[in-house]
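Next come two complexes built around subunit A: one with subunit B, the other with subunit C.
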Partner chain A sequence: MKGIAFVAACVLAGGCGPKAVITAGPTRALPPHREIVLDSGPKAPRRMVPPEVFLRAYLTWFGGLSPGATLLRAREGDLFDQWTDYLAALGLPDHHFDVPRAMQSNTVMLAAIGRLGEALCIRSVELELRANTPIASRVIFAFEATPQPTRAQFAAGFDVLHRTFLGYPAGLGPPQRLERFFELHQKVVANHAAGQRLTPDEMAWAAVCTALVQHPETGLY
Partner chain B sequence: MRRRDLLRLFAGAAVAPLIPGLARATPRSDEFFVFVHAGGGWDITLWADPRNEEKGLVVPASTRNTEVGGIRHWKPAGDSFEMLTSSTSSLRLGPAIGGLRELQDRLTIINGVSMNTVSHEDGITYATTGRHRIGGALAQSTIDVITASELGAAQLMPVVSVKFPSAFVGDQLDRRVVPLQVGSVDAVTRSFARSSLYFGDADRAAITALLTDEARSLASHSTHPEPFERLESQHRAIPPLVTGDFTRTFSTRQLQSLYPQFEYGGVLGEDTLAAAFAVEALKRDLVRCVGIGVSGFDTHGIDYRRHALQLQALFDMVATLVKLLETTRHPTRANTMLSEHTHLVVLSEFCRTPGINRNGGRDHYPNNSALIISPRFRPGVFGGTDPEQLLPLDSPLVASGPRPITPPDLLATLLGSLGIEPRRYLRDGEIVKGLLA
Partner chain C sequence: MSRRLALLLVCLVLGRAAEAQRPLADYRYFRALSIDLNGRPPTRAELADLERPDFDIAAWIDNHLSGRGYVERVTRIYTDLLRLELPDSSISFAPRSILLRWTSILGPDGRPIDLYFRNGQRRAQPAIDGQVCFTAAEIGIQVPSDGASIGTPKAVTRKLLEARTVVVRPWWLYADYARPLPRDRASAAWVQRFGYELVWSMFTEPDGRTPMTGVRVCREEAQTAETGRVFATGYVAKKADPLLPGRLTRLPSDTPFAVANAGSSVSCSLAVAFESSHECGCGPGLERCLPSGPNGFVSPWHAPLGKDATFFAAARPAILWLRAWWSEEATKFIEQIFAGDQDVRLLLTSPATRVNGPLAQFYRFFANTTCCGAGTELGYTRPVPLFDPAAVPTTLAPFEVSTWATVENRGEHAAGILTMPIFLLKYGSQRQRAHAIYKAFMCREFVAETVKLEPSTEPDLTKRTGCATCHRRLEPMAAYFARVVESGWTYLPPTTFPLSSPRCTARDRAQMSPACATFYDPDFTDERSTMLRGAYGAPAHADAGPRGFAAEVSSSPDFAPCVVRNVAQSFLGRPLTSDDERWRQELSRAFVTGGYRIRALVQAIVTSRQYREANDVMTEAR
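Right, the complex of A and B next:
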């Protein structure tokens, strides 16, 4: 109790002292903000899509095929070889040769993937257009392919392929895209005569498919 | 010149550094490069830094631990071998030098290269990039990718690596030089092979034209145009390789028939094909750098008995390659042979222990040697190791010494010899002027 009284007396004694006076002086102007230029350029490290992403996309597009089923489909007609022939070329690690996984795409990789894409597109044409499979059962060419299509007829079929491979309607793409693909279709039709393994129209749709599976936008996924 | 053209020229010159595409444009060079990696760690006491007597830790190669039957330059001396000497210099080589014995006056051998590692992955990375690994990651690009980025980005195939440990790291390099890394030459040719049953060349040309147009168009609309620009250039590189005679010429059979000088069925097996590929690809001006990986040097056990044969086969391959380059015309320079503008570097991740282990082999050792055959390098043997432990000695050639020569010094010297500022790509290393011609 004595202690509390002593502390209270000290506080009171302190509170009764002379008041400290703080006089207001003129306010100094704050220094101006320095203008800091921020570099807002892209800083993300440059990279390409890893090869597994390309390959997974391929297997999914063509009906969720297993690697073995893909091979069976693609090899016929000297269109593709064994996966093991291409491991490093596709960017996958090849432990036989101690070649590590490729972290960037390169020309050989695009060529090897292009070879696979060409094979799968041609095979799909054979299995769906050539065999006249019911449209509901088709995986890639799920549209009525009219011979010598007009621009409008081509656009309808192209839209189906565009949605499959690039994931959105062709109408939302750059305006020149439809023209470029229609031109490709016409060029390939002109390059081929009737009476070959596939009709000129079938070859043209195979070419459109081949171009779409290798399209630069697939690198965005 | 019209006034308007003159003004346009000046305006272009002023603007060029500001436009990424123009600033990056690489001048075309006519120098070529071949990098050879002896995978597993080689025994330098059999060739570059020969030892033929027991001293300290050193147990030399002898008939007790080495199969000497096929070693052409093995001359017995006591229990070991006789050194190969030169009448014109103080050069001393070991018996596994093989065909390079004939070219000894052109060799630049650097001994006592300090590696600071006995891990394969780290040694490979340090030898080829000049930096140790950071954790598992590479900190710098390999030397082949750097030279290609500086001197050959416009080439159809700037870097082809057949089992060579190429790596593209960082963002200061041209995207076109991402190495074409494969396990065999065959994988390259198969990738460009196309069936003629369906599409023809005209169809494929139309598809490529469309893809390059699309890539260019996407690049022009993109915040990050570079991936699209590079895809465009990669797509554009494919048709000449698909439609020409590339796949036919570079098939295994054709290469073997074009260059019967190489020993295809020998100790190195398929690896030799990459050397034949290099000669033909340089001759056709298709590539800037070829990387060749040769495996089989990691001999910890009884397999060490054939280590000298493996080395001899490697140096025979290199010697054949050099001789072919001497007789092959440069693709773009008149009256010039390829050897005058080709730089060849042979390296490994480290050397093997000076002593023989209880399994009859040699283990990993943090010392190394390197071999360079280049018109920009001075022939001779440089650097050295101590007589008892085979460890690197300080080199008087290193200006920032006293210290031994290290891999970054060698890589910096190679870049410096080509007029490339090493510090743009290498954190460490100095240009060792004493190595340069």
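Right, the complex of A and C next:
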């Protein structure tokens, strides 16, 4: 009871005090601020590159050959099966049977792209790097491929491939991309046994090329 | 020297600076444009162009809004919506009057000969009328209308062989087949020359080695006259009639047409001529017929980049080879409208089309042979075509696959894709046809109410409980197709098929003649009137025909917003939402005031903020 009386006395004493006054201080500019534009536009996942576009690009990467000629060139060494094995997997519609265009990727599609990428890259290594085709005539590996390249030498070649498949300079990609691909190249060189169809360096470039063909950014836009 | 070196250095530095990189967003935008307007990702050289300071992206877009990549891109929107392809097994288009069967007989030297003939071919001799041109006594075998021959073949005499058959150099083997002695024989080079390919190992004589240089055909089939004389035998087949000795079928009866027109002249391109004249054959080089074998006509099957860049082609019978071009007609027609930046409404309303050699042959000689079936009993013997054969260019030979010509006016009933065989077969029923267009060009769908369906005897679906929700709208639209037979392209003219036919009225609908019941709906028939099938939803629409439907759809307020929606969704790769509504309305207004041209619409889309920022690019891949 004594405690309550004491609290009440304090409250009364405070409430009866003089008015609190806030005096104006010196004016000061607001700190600089950053404007953020709110993008309210509808968004969706990135579009899939239409399979027709992928196929046309693929034929272009194979040197502008017809589908039949591409098949003949790619098939050697069991790198390629038949076009019919890949067309539906790539997501093409089949209007004969009302099969619609695939609007989302799936594992079969990715496997098909991987297989096509391997065929393209290994054959291109053979036809361009191994055959020492003049750089101006190369479609894929249009750079001087030095054996066991330094990081700088690798970066120059990687930029060519990056532009070919992803459509922009490698320098504009995520910071670690170059390092990761350089590491891939080095690992393949280190682990690929000599005396096979491709040298370790050739196989390493084929692996980098295949990884870029399969890269999500190649199949999206 | 040092000044020159300095100048060179300056140039190098400036040159390097001139090719400075752009922001990542610019590259991504350019790649998207290249994919959408050029049909492929940009090459390194094109990226180098982009990096030049004077690169003009607006000019680049302008230049690519008429190229092949752009045309393919926008065409694909509508081919995906309409899906105008048919599986092999879907439609059996094989009229007897155009199909040359073959069978093997023994020649005078005892070696086999391939003999071509038509099932049902009229011949003057009763013993072989309607059958192969030899009796069983003459060749040792009987040839049924389908299946293998019966009996043991025996050598035909030279005299009989020459009397009954003739060797013809046919259209599928000779470019100059119409000449008296054709010499320009097909070869592997024809792939480049005409886009026409045969599997040569299949076009051999029966020994399997000697190249086929001509085909032996029954003499009646080899006739080339344009017209023939109708003949009537006075014979009417009855079920109880015994077969004549040596025959597998009864003698063909006189048709009502033959009885009514005996002695008069008839065009050999009509089905009634095949049935009632023995003077009508397959024409010069057999151009009015298709061989049932060999199955060696190479047809494109998977051709996502166009028929001239086929990924998979298969050897097939001529009849299926021909059908492959039906869908290509629609594709070429759509492409032409987009390539020429014509009014998009022409997709539905245009009387024009595009044909190549096989299609020209089809429309000149084959299309009208499906007419008129049971219609002949109602007096319909000379078809009123959806595609007037006289409008077909006569300069296109059947094997000229890669040559396409524009036909400006197919005829008074033609209406864009609506009257093309591929559309009429893909969407066989009147309701299917209406629904396909309603969905693709008005972006509307039929959604049923959640009502309980109850048993009903109400034949009018616009009134029947539960059905009316959709059919109130669907039946009047389907009525526009009432004058085009289902799963076919035969047109039913009002003169022969009035909306209500006095000759088909019946107190008891079970008493309707089969011919009447084929074309008139028993559910809407009584002793005073009857109703053309499919027309009851809106009888006036039946007479307006597909052209009327095209006019209704293309003048609908839903048409332009639907085109905008389809094109925008395709380019953005996502459905338009209510947030896009204002933009869609702006595009629609511009589309209409611009004369319904797709090019300006696509330009507005690809330069819009929505296109540039359509997709979430925040998640970076490694």
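Just so we're on the same page, the second predicted complex is superposed on the first by the 159 of 221 C-alpha atoms of A that agree within 3 Å, B and C clash if a C-alpha of one lies under 4 Å from a C-alpha of the other, contacts with A are read in each partner's own complex, and residues count from 1 in each chain.
Here is the rule we go by: contacts are C-beta pairs under 8 Å (C-beta built on N, C-alpha and C of every residue); 3 or more make two chains touch, one makes a residue touch a chain.
As the structure is a computational prediction, the values presented were derived from the model and not from experiment.
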{"item": "Touching partner for A:102 - first (subunit B), second (subunit C), both, neither", "value": "first"}
{"item": "Contacts of A:151 with subunit B and subunit C, given as first, second, both or neither", "value": "neither"}
{"item": "First (subunit B), second (subunit C), both or neither touched by A:79", "value": "first"}
{"item": "Partner chain(s) touched by A:164 [first = subunit B, second = subunit C, both, neither]", "value": "second"}
{"item": "First, second, both or neither for A:55, with subunit B first and subunit C second", "value": "second"}
{"item": "Touching partner for A:92 - first (subunit B), second (subunit C), both, neither", "value": "second"}
{"item": "Subunit B and subunit C footprints on subunit A, overlapping residues", "value": "42, 44-48, 87, 94, 96-98, 100, 174, 176-177, 180, 215-217"}
{"item": "Parts of subunit A lying in touch with subunit B, wherever the complex brings them together", "value": "42, 44-48, 77-79, 81, 85-89, 94, 96-100, 102-112, 114-115, 118-119, 122, 174, 176-177, 180-181, 183-184, 187-188, 191, 197-198, 203, 206-207, 210-211, 214-217, 219"}
{"item": "In the complex, subunit C residues that touch subunit A", "value": "21, 23-24, 27-28, 30-32, 34-35, 39-44, 47, 72, 76, 79-80, 83-87, 302, 304-305, 309-312, 327, 572-574, 577, 579-580, 609-610, 613-617, 620-622"}
{"item": "Subunit B residues touching subunit A - in the complex, by the definition given at the top", "value": "39, 157, 163, 165, 168, 171, 175, 178-184, 186-188, 190-195, 197-200, 202-203, 206-207, 210-211, 213-215, 217-218, 221, 223-224, 226-228, 230-232, 234-235, 237-238, 241-242, 293, 295"}
{"item": "Touch list for subunit A against partner subunit C, complex", "value": "39-53, 55-57, 59-60, 66-68, 82-84, 87, 92-98, 100-101, 142, 160, 163-165, 167-169, 171-172, 174, 176-177, 180, 215-217, 221"}
